[in-house]
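Pasting the structures here.
In the two complexes below, subunit A is the common chain; its partner is subunit B in one and subunit C in the other.
And then the complex of A and B:
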């Protein structure tokens, strides 16, 4: 507790934590202009169920037609689709509608968009050629030799998983339209990346501060000559881990709490993360396992926690050796960037190109693609292998740093 | 009780201490040497902060490094330069150190109040230490060294920053403490320990020069310390020929105290050697440094 207090009472740490929390809230609130439209998915799930079937789609189509007839009658217009109506509508015509009518048109347009997307899922998925995508990636990255062979093998496995996914109908579940709202990217790329970078800054700062505290306050002669002696470093390690954990939990809690208050995910927690609606760019998200949005969120939070704790361990080891929080902070920052860039220095014909990608920086910054197939870090075992390997590395480095410290003179 | 057995300490090519052999029992020992002689190195080895390059330190026959926390549990240590947490009060700081010394909060609180009263900081025990003078901080340091009622008390330059009144009080405190424990006081200020130490240890050329009582050490200069007066103009040539210990001006003349081991002149007044005379004589060629 005494060691934790050294950070808790630090104005820089507290100030940064507050600043990051406020910024994250601002980031979410300022990007929430479409939050009302998202609620339509909740309505669809309520009315037609989570799974999209031919029957539920026919029912949705019928309901859309009914609403369209009403709209045609009240507006005195003739149109084939709401999309067509909106496309041909001038500003003057738009102003002629009451707010209520306008809201109805908007809602109907969104429903129509969901219906059209749902109707074209089979067609869109039939066009996906996983093997060809893999070959495209090999060409794009200029891979050859064992690197190319490895990637194509991964895509072969993904192809099997894709077939299984289609067979299970995981893609046929309602979720927020990816191409319209990019909610997966916003949450797991933008928001999570902010949380990750902010957490890492706070964790490295806190760990370096706790570990090198006595040397910077020049209390080392007093403190390490007490009964506890050099074993105090064990307490400092535990305090660093505790602070890292609480920092991440609070930052995740505040940020994600705000996110889910602003955006209503209440009906989509059980939707598969591989839903066709969660298709944002050229390639849909294809998870290696049938996991729901809720499970994916927990897993992503788990990766953040694991990554943060491992970075805390590495910072502890470095700060124990250099005994200076500034050098430790700079060293870990440099390490984070260096391992991120490491694969780009590897031969594109060597398997090392992929092995060096199993690092904490890529794992954390690529969190939106975690557990997904495709891409350079899309191996089925990527997440657990990266975390396991780095746990072993961090444990080894911490042990060596601690042993070295117990045998080092304290001047 | 505490034995320093053939201990040497090297930093790369530099030898700080060589083949140090010492034995300590209950009582007060003064470790006297100029700055840079290796006092602090020796003390840090006794506090397990530095490891000997050669040799070992034994407490009741056991190596203090192997004893680990069992040894440090018996130790009270005041470093020469010690930092403190500026936003802590002495009470908070001592509570933290008590925890590190394995003392429960319940046990520590009355002890802290007692010790802070003893070092005349009772009325500021809840004030932040950043507003404290050097002397006040030093007194907090003295109090922390006594927290665990140590069997071995090691104080490195403990009187730095203390005013004459505080020094006198501190000397009395040390005399009191040394009746039931081993107290080692490292200093380059002779008057701090001259009147209270049971034994004085002097280090020269990385080795022990003396480890004896004040009387015996002073006895090495018996019949060799004199005082005489002269005109100021004569002083420079006198300095060339004799080892001067002190000079002062009195009634327009210079009174000098010096060492001479051969037949004295008749107008020289023989005086009783003091520990400071031995110190100045033995370290006459050494230049003061800051490192230890």
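And then the complex of A and C:
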């Protein structure tokens, strides 16, 4: 516990933590212009239920039509859809509406957009050809040989999963429209990447500080000759892990807390993450399992924790060997970027191209696509295999480093 | 002099140099290699690049109305060639495409025509059609040369009109300058990391090793601190020079020298407060990298002189580097003379950063003379 205090009492650690938290809050608040519009989905779920069925859609259509006739009467205009109305509206006409009326029109327009997307789900899902996408990927990356074979095989599996997904109707659930708001990318890519990079910086600094502390304070001769002796490194290890865990939990808590206060997710927690509305780029998100948004969030947080702890272990091992926090910090940062680039040095015809992608950097930075099919790290087993492989590697390295340390010259 | 050299040897150790090599290798592949290996990046970038060289050879670095007319005439004659190509291939006539105009305008409503279009553009990649597309883009751009392309404020509008009156409107394809801007920012980032990693630890290291007790009681005494600072600046300068030389020798592969004489305002979408040639612009960016590098060297040395340990040393510099990566390089390097920021902002920022970092060092130098080193 005294080891933990070395970190907690260092002002730079707390300072950086506060700075990062404030920055994250700023990041979230500054991109929350559309938070009111998002609430319409909550309203839809309340009124029509989570699942989109033909009857509930018909109901929604009726309600939209009803509101539209009202609008037509009050505005004295003739139009087919709100979209059309807005498109032809000039700025002066716009100003003629009262604030309340204007809000109503906006709301109706958003509802219409959701309705149109929902209506065309079947149509747009029928157009998705997973096999062809796979072949496109092979061409795009210029793969050949066993690499191409492997990727096509993965896409074949994904195709089966896709059929199952459509059969279960996982895609027919309300969620924030991806193409309009990019909420999945914002939360799991932008916000999560910030959390990850910030907590990794803090974790590596803290671990390096604790581990190399005695050598940098020139107290090693005294400390390691006490009764506890070099076993102290075990305590240092536990302290590093504890600090890493707390750092991540607090940073996740503060950032995600702000996020969900700003954006109202209360109604969409149990919507499937593979919902057709969660379709941002030219391919919807297709998860390998039927997981909800809430579960996905927990899983993502789990990956962050696992990744952070593993990086902490690796830092501990390196710092034990080099006995210098500066080199340990620089070395781990270098390692993190180097393994990120590793796959691009591999032959594009060999399976190594994929195997080298099973690393912590790719796992952590690609977190918005975890548990999803498609892409180079879209294998069904990618997440747990990466974490368990690196747990083994980190445990091995830590063990060797500790054994070596018990015999090394500390003078 | 000998002391400076000895201090430099302490900074530029083999271990440190190997480490820098690794850092640069990783950052090169992460950031820089793309702008060199993939230049020009696909089409129509390649055609823009070729066409730009052709234009400079034929019309020089400024295009007047007569030359523009000639450019249009060439477009027409190339179009004739394209028409001949289309007529020589019966499948186009069958799809109802008789000439080039129809190929580009009427293609999107019909799948058969779309396929034919993508066949000549993407599968066969016929140069002629790509070149035509680029030429027509340039002509369109010329037709709208009186429009500024973004919401300008008064100063920006004045600058724009001024250039237009001098006949310096934006006429040449922008691939080269875009590529250079991306390249130079990535080089800047790489050099910033290299310099900060190199310089940060060395003053602190002497202090934690209790070397000062020995040094400051010797005959040279406390003025040694100044020697260290000079050694730090020289080492950083040396590393910056070597790295710049290396990265620019790679940049030479891009073959952008035909563009060197072109004023930077002649490139499309590159409105700037001053009008240097492309080569002068490159030199300006090199100078900027030296200044940024040395400012951060001085900041690193200041931090290194006051912090108690390595972790604080890194921790304090993380926010500085973050700010630099998030905004600094964008304003200070990639838009160094662009009208995007007010004319006074960039020189002002350089001045401010310079004064702060030099001022800190002078303060620390004075402090060093009286400081209690036994703590």
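The rule we apply is simple: the second predicted complex is superposed on the first by the 411 of 411 C-alpha atoms of A that agree within 3 Å, B and C clash if a C-alpha of one lies under 4 Å from a C-alpha of the other, contacts with A are read in each partner's own complex, and residues count from 1 in each chain.
Rule of thumb we're sticking to: a residue touches a chain if its C-beta (ideal position, glycine included) is under 8 Å from a C-beta of that chain, and two chains touch if they have at least 3 such contacts.
None of the values given here were measured: they were computed from a predicted structure.
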Fit or clash between subunit C and subunit B when superposed on subunit A: fit
Touched partner set for A:325, first subunit B, second subunit C, both or neither: second
First (subunit B), second (subunit C), both or neither touched by A:344: second
Contacts of A:14 with subunit B and subunit C, given as first, second, both or neither: neither
A:221 touches, of subunit B and subunit C: first, second, both or neither? first
Which superposed partner A:2 touches (first subunit B, second subunit C, both, neither): first
Partner chain(s) touched by A:209 [first = subunit B, second = subunit C, both, neither]: second
First (subunit B), second (subunit C), both or neither touched by A:201: second
Angular separation of subunit B and subunit C about subunit A, which is computed from CA centres of the superposed model and rounded to the nearest 10 °: 80
Overlay on shared chain A, then closest C-alpha pair between subunit B and subunit C (Å): 6
Intersection of subunit A interface sets (partners subunit B, subunit C): 217-218
Subunit C residues within the subunit A interface of the complex: 19, 22-23, 26-27, 29-30, 197, 200-201, 208, 309-316, 318-319
Of subunit A, residues touching subunit B in the complex: 2, 9, 214, 217-229, 231-232, 407, 409-411
Interfacial residue positions of subunit B with respect to subunit A in the complex: 44, 47-51, 68-69, 72-73, 75, 77, 79, 81-85, 87, 96-97, 99-102, 141, 144, 148
Residues of subunit A touching subunit C in the complex: 10, 12-13, 15-16, 19, 201, 205, 208-209, 212, 216-218, 324-326, 329-330, 334, 337-338, 340-341, 344-345
